[in-house]
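We just call them A, B, C and D in the order they show up, numbering each chain from 1.
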Amino acid sequence: MQQTRLTGKDVAEHDNKESCWVIIHGKAYDVTEFLPEHPGGAGVILKHAGKDATEAFEPIHPPDTLDKYLDRSKHLGGVDMSTVIAEEKSFDPDEESRQQRIALMPPLGKCFNLHDFESVARQVMRRGAWAYYSSGADDEITLRENHSAYHKIWFRPRILVDVEQVDSSTSMLGSKCEVPFYVTATALGKLGHLEGEVVLTRAASRHGVIQMIPTLGSCSFDEIVDAKRGDQVQWLQLYVNQDREITKRIVQHAEKRGCKGLFVTVDAPQLGRREKDIRTRFEGAASDVQKNNPGAIDRSQGAARAISTFIDPSLSWKDIPYFKSITKMPIVLKGVQRVEDVLTAIEHGIPAVVLSNHGGRQLDTAPSAIEILADVMPELRRRGLQDKIEVYVDGGVRRATDIIKALCLGAKGVGIGRPFLYAMSAYGEPGVVHAMQLLKDEFEVAMRLIGARSVGELGPEFVDVRGLSMHSVPTPADFLSSDVYDRLVVPAFAVKSKL
Amino acid sequence: MQQTRLTGKDVAEHDNKESCWVIIHGKAYDVTEFLPEHPGGAGVILKHAGKDATEAFEPIHPPDTLDKYLDRSKHLGGVDMSTVIAEEKSFDPDEESRQQRIALMPPLGKCFNLHDFESVARQVMRRGAWAYYSSGADDEITLRENHSAYHKIWFRPRILVDVEQVDSSTSMLGSKCEVPFYVTATALGKLGHLEGEVVLTRAASRHGVIQMIPTLGSCSFDEIVDAKRGDQVQWLQLYVNQDREITKRIVQHAEKRGCKGLFVTVDAPQLGRREKDIRTRFEGAASDVQKNNPGAIDRSQGAARAISTFIDPSLSWKDIPYFKSITKMPIVLKGVQRVEDVLTAIEHGIPAVVLSNHGGRQLDTAPSAIEILADVMPELRRRGLQDKIEVYVDGGVRRATDIIKALCLGAKGVGIGRPFLYAMSAYGEPGVVHAMQLLKDEFEVAMRLIGARSVGELGPEFVDVRGLSMHSVPTPADFLSSDVYDRLVVPAFAVKSKL
Amino acid sequence: MQQTRLTGKDVAEHDNKESCWVIIHGKAYDVTEFLPEHPGGAGVILKHAGKDATEAFEPIHPPDTLDKYLDRSKHLGGVDMSTVIAEEKSFDPDEESRQQRIALMPPLGKCFNLHDFESVARQVMRRGAWAYYSSGADDEITLRENHSAYHKIWFRPRILVDVEQVDSSTSMLGSKCEVPFYVTATALGKLGHLEGEVVLTRAASRHGVIQMIPTLGSCSFDEIVDAKRGDQVQWLQLYVNQDREITKRIVQHAEKRGCKGLFVTVDAPQLGRREKDIRTRFEGAASDVQKNNPGAIDRSQGAARAISTFIDPSLSWKDIPYFKSITKMPIVLKGVQRVEDVLTAIEHGIPAVVLSNHGGRQLDTAPSAIEILADVMPELRRRGLQDKIEVYVDGGVRRATDIIKALCLGAKGVGIGRPFLYAMSAYGEPGVVHAMQLLKDEFEVAMRLIGARSVGELGPEFVDVRGLSMHSVPTPADFLSSDVYDRLVVPAFAVKSKL
Amino acid sequence: MQQTRLTGKDVAEHDNKESCWVIIHGKAYDVTEFLPEHPGGAGVILKHAGKDATEAFEPIHPPDTLDKYLDRSKHLGGVDMSTVIAEEKSFDPDEESRQQRIALMPPLGKCFNLHDFESVARQVMRRGAWAYYSSGADDEITLRENHSAYHKIWFRPRILVDVEQVDSSTSMLGSKCEVPFYVTATALGKLGHLEGEVVLTRAASRHGVIQMIPTLGSCSFDEIVDAKRGDQVQWLQLYVNQDREITKRIVQHAEKRGCKGLFVTVDAPQLGRREKDIRTRFEGAASDVQKNNPGAIDRSQGAARAISTFIDPSLSWKDIPYFKSITKMPIVLKGVQRVEDVLTAIEHGIPAVVLSNHGGRQLDTAPSAIEILADVMPELRRRGLQDKIEVYVDGGVRRATDIIKALCLGAKGVGIGRPFLYAMSAYGEPGVVHAMQLLKDEFEVAMRLIGARSVGELGPEFVDVRGLSMHSVPTPADFLSSDVYDRLVVPAFAVKSKL
């Protein structure tokens, strides 16, 4: 049916709480009734009431959002965009200097390790996007512990082994892959790159790397699956919805589209407090907020809270049979954090777990996955259960040596999230491809240097973990004594005469 | 009896050691004979001899001080304040810039955790007030250890528990409360806020939090009790006076006014040396002091010393029966610091103890309460005494995760002092209310994330304390070697051409 | 046969991939066919195609390179250098300021310890040379751990021993030497000093120190041997070539020339990734490289990779008999890193091993040699094998106390590499002589102070190694809490009046 | 016999190596023959040849030096000082700014702890004097460990003890003293204060503190003894001279003058390398020294080396009977560093030892005395020898809590050196008196707070030493990862408008 196109003026009249229309991708929507339900709060929509909201909508909503969540009767049809008055962008000095940094950013070839991507991304990403990706819970102690825990593990390299050929391939959940790491699920890919998660899909395809598709992607699930090539393997990460029918629909659709594993997130009955994210969000909104009335900003607590209100906090072990009843995909628990729960998982016939603290984004001073792994595997071996379950870890991995340490301690594979997001945000697909290549190169070198030819040869005898479980916090500094200390110095160069 | 009002001139004639009058809240007092007894020294009074001393008197003396300590015959009656020559305030650049900072201070809504209040308070409080609140003993190592000790404890979260409902309520000394923390006693509330401790009372009432009333409050005991609402619970903190009759009067009055617990401070036979407080005090007074004659300033050793000279250093276990004889309130020892003394307390029929080092203000390198707790509870359990006594801790608590760690290790409740003072000093009652709300929010999130639904479910299996008792002091740095080390760098951005 | 000299113009015509000539030390060479084989990549040669390449060639190729690797038919004979157009050097501000620093450098006498040489060298060396010498693998954690591990070992000095006479002499592999340290093999000496490794030879001779000759020296093996004086002892370090005939030729030639030991490097089946070196190399070449095409720079990965492509990664224990068959020199394994491999070495009849991680240049988070030593020797003693093998260590030695600690733990001798390179690069032969003298002086003082008169008296009872195997990584900082902490201060000096 | 006074001109003619006269305190001396014997080298004398050398001579030579070491025939008699041309002092910008700092130095009353004196002294002392006092061996790791080791010990305070009366008195070597610390021997007091060691004597007298008289004082032994008052107790510290007759004369003279103990230094068969001292010395002399000829400055190695060449490195256990034969004073070994040597001392009938590493000035990475003490005392108790010997410690003591920790662990007394030198250098006798008073005040407070009334009550149950023997050296920092981390921030204040 041919409809008369709406004009900008038509829409502009609905610019308030009583009647709120917005334009997204050239179409108008009546969101008046939806306002109180919006997970991100009504306020953020009302800012765009009567106007084109595409730019704000895009990065944090998959394209099928409106179809899924807004009744068709509220889809008001196309707008003649030539009649919409373009909002004059106010000059934004932060954005200005960001654009300057982008113009001067180092060429991709100067990134020699995963940290390098992070350093570039921090400079070239939008502040809110950076805050969302990089933030962790509370004091971000766990966030940082995740990587530094790897420095407590030292190698015991083996010499005089013929390492001419090194094979990095392995299998996970029965699927072969070129390398023992996978792209773990991360949300809101379009915050970092216009195209979102499909960039990761394409790069993973280039390197034979498995990708885990997030529930909270910016791209729709189908877009991400459509982007895969050949027999590329994908898994589904699942936040369990309070409405089990929605969950069932998502899971069965994923299975139909070929997903090879279902990773149920179990460390997020509620999303954690990420103050960097909250603060950034709030700083931007500061002028709107009534001074000294914190209640007024309750629903603006960062991107994380906005997108996650549907998650079911009542999820428990008794739900496991339900998941088994709706899918044949292997069901993997993502976010296990103690050995007792690994044992319970085995009792429930779970074929795999991911030891994870959700990238340090949930509970601060939760231990690193690598430390939990070093507790779990000896206990499994003691009970003869080491082959009953595949154990994965994620969080803090930045070097191939980190991966090898996890494999030595018994991990089947290692998930990597943020580093690939940073590579994507800074350099797009070539960035992710290069990042994966660097890891592969590092992996091959490190395998040769510890004297191992294949993933199968790795074992606990290659690592020294004596210091791993020590959580050392230095005694507070004696500033008076250290301040009066006169440091030794190196020889001084002569001062150049000013003549 | 109608008196003729005194004039400013009348008072001004008594401006010396031989005859010293001062005006406080519009009334004149003859303090000549009191001079040698003044705990803060005669000098500080003589500065105001013959003048209006209200501003200096106010924050560090409860309003009933003059009634209690100065004979009625020395109360000279009202002064016609219009005849008192207002002292011209000299320009104070520090105060000037403090006022500027106050004008620019962040809105309350930007405080996302307890540290944030401290950061704001430090900027907007008077220097002397900040020094009094924030200072600790000697090198302040214990002061800082109190918080950092919590970072040596790591969680062992449990997954797949239905945590839809989380209940933070508990009971302490038989009284119900909404949360497992209480407002512990702190002195001199008016240094931070004009209204003093009643601000805390009102905020505590809003959140169902128990308040411990300090002996050394700026408000009188009765003012603080009068400020409570409904069945709000209050306790009394007691510094035991050398004059037991005064002590008896205080205790029995508190019981009559409804206090539900008597917390006898046992870690302060003498108040500690707090050099930050002393130095601040002394800097202000520097011009008065004879150069290189330190003896001349003996009595100016900070606010802490000035207000505490009455405390009885001879208090001992043999006084316990006396306390039992004068009150039916449960007698709690505040400041226990070793397991042996908890056992002795049980022998004396003490129903509760507070493990505490007095906020790091007494003995430097005394251990944190949380570390003592981790020693005490296993010993009590070993002896089957864990239910014979309630154990509380205070000191260094800044996060709900800190509270949960203490509860897991067996604490019945957790005292919080300075953070609420800072919230009050920066933002008044709304600040304290917001601070408590933040703790409640953090508590709920953290309980969900460790997989516990109520305080009763918490136990030692949720925490890893292997590193807690390690007091690690790094070997002094090898500066030559670290100074010559050439640090790795991240990729450089191009330098923008100056053209 | 008398040849007509070539002119600059003749050579200049061969300036491309199809026909590539270069001039080195006044002679022309046709390297067209050699281009694809050049370990450093064709690109670096093509930069000099048709021109005089001497300056670039010199520091990284021994003088006999062209004779060895380029067929005589490609040696085109002398060039009339007066006809060669000197390349106009572009102004290099980095080089300019380096020259200024050289002019102002501290006199040698101001170097009081080995760190001092490093601090000077860093300032006066060319950036690429410094990067090559100073770089380590990945995050350079092992590089730095090598020295800091010595700080985990503390002395247990003995008093009231007559230490008037202290004897620092010892023997290694049967050769006497004045001191228990030797000059270990390091590559590319001409990067630091025009004359290269012979500078070390001469300095070693002055102090009775053994020198290990590197496979990858800038001087030819024969030049280094020719530089020795009297009965000076030299050893040969060997990277095993994939072509065993080349290896055999090198080994047998070394034996013929009097080398007293063959140190087979076993920790480098592939050279490690040294990002500082790679980054420096790449920064220099940045303008040439196609932006965002990292593949284009694959072969420019630092000096280390360029010179090492011939090393055989298939070297294994089964090659040991071969080495025994081609030489009578004692065969020493350099780069052993775990006790199991020391035991295997004994089984293979190996008379000595060097515990080493290759100066932290190979595998990051490989442990320090001194820590491995503390594991190895007790195990050897437990098995009664302590006299079956000589154990050497290298890496991180900067102080005579470091040497003594190693000897106490059972090392026969200690290798020192970089410190002598730095002394040479900054001050030439007098620098190296002075560095060795400083070590000798430190050694004598330290021996007296621990109460030992000779190397033979040293033993494990002189050291406390309880902390050595602890790899402590502090829990990540709680920045909010430490940032709000108000540090104690020392007394302030009065501010000088501006009048 | 009346002599004709010499003139400046007479002396000025002897200004070279062949004939070298100098004027000291108005008298001329012919030191030509003494030049080669001068412990500080001939060069330093020749600088003053033919001139008045008093200023340079004074601080590092006791006044009886010339009488003792220069034959009477070389004493040339008085000089008419009016005829001596005063050397024009060249303008010294360092001295200029030092004088400015002295003018602005904080009043003594602002020093609240021992660190404060050090901070002031560092600013107001001559650079060379500061370097001599403050320097330690090599990297000064032991120097700093000495104090920081005390931070590894934590208290276990006792509550509810009647601490109204606290008694700090004790006895050492049978002499009563008011406090459990003593002034240990330190050299060259006139570098810090014109009057030298007698300043310490007088201050010690004021507080009932025992003083140990140094062999290398700037004042003569007799001057220091003459300065004592009443029954003030003094001990003698002895560097044993290679010439035992000199040693015998010194010891017997000390006994005759009333010294109550003989402390034989056993940790200095050779004085340590103190690079800060050496560097400072050398910087001053830089212009004289031939560039790159380090041999030329061999004898200028800091003040320490210059004054100590006579010390006997052959001193051993077999010399003990000799000391017993020449004196009845108790013979104490100063500088014991391992438990085995304490046992040997008991076997030799030694009544006391000082555990000490010579203030970190001898052997770097020697352990702190407090750590050795914690090893020694349990072993003595295990053998029932704890009452056979008095054990003292020194090094790093800055707080009364440090002293109490040492006493708890079994020390009979604690030596304090540098802090009193700094107090003296900055403020003279009042400074030292004040420093001692601060320690006494701290001591009383800390005793009350741990719940102890007298030195005799202290014991190991008051301290937790679990971390004391851990020498923790953090794993080298991962700079890339920490550099890219984006720190959390506290709320920002608004930026003040510039209008």
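Here, a residue touches a chain if its C-beta (ideal position, glycine included) is under 8 Å from a C-beta of that chain, and two chains touch if they have at least 3 such contacts.
Being a predicted model, the structure only gives us computed values, none of them experimental.
Student: If you walk touching chains, what's the least steps from chain A to chain C?
Tutor: The fewest steps needed to get from chain A to chain C is 1.
Student: Validating interface symmetry: for the copies chain B and chain C, is the fraction of residue numbers used by both over half? Same or different.
Tutor: same
Student: For chain B and chain C, let me know how many angstrom lie between their CA-based centres, rounded off.
Tutor: Inter-chain centre distance comes to 60 Å.
Student: Based only on mean CA positions, could you tell me how far chain C sits from chain D in angstrom?
Tutor: About 42 Å, centre to centre.
Student: Could you tell me which residues belong to chain B and also touch two or more other chains?
Tutor: Answer for chain B, listing residues that touch two or more other chains: 110-113, 115-116, 119, 139-141, 144, 148, 151-152, 275, 279, 283, 470-475, 478-481, 483-484, 488, 490-492.
Student: Given the complex with chain C, which residues does chain D contribute to the contact?
Tutor: By the definition above, chain D touches chain C via 100-101, 104-106, 110-112, 115-116, 119-120, 123, 138-139, 141, 266-267, 269-270, 272-273, 275, 278-279, 282-283, 286, 289, 291-294, 296-297, 313-317, 319, 333, 335-338, 340-341, 344, 362-367, 469-476, 478-481, 487-490.
Student: Taking the complex as given, what residues does chain D use to touch chain B?
Tutor: Contact set of chain D toward chain B: 107-113, 139-141, 143-145, 148-164, 399, 401, 427, 430, 434, 437, 441-442, 444-446, 448-450, 464, 466-467, 470-474, 479-480, 483-484, 490-496.
Student: Across the complex, what residues on chain A touch chain D?
Tutor: 113, 115-116, 118-119, 122, 130, 134, 139-140, 144, 147-148, 151-152, 275-276, 279, 283, 398, 472, 474-475, 478, 480-481, 483-486, 488-489, 491-492
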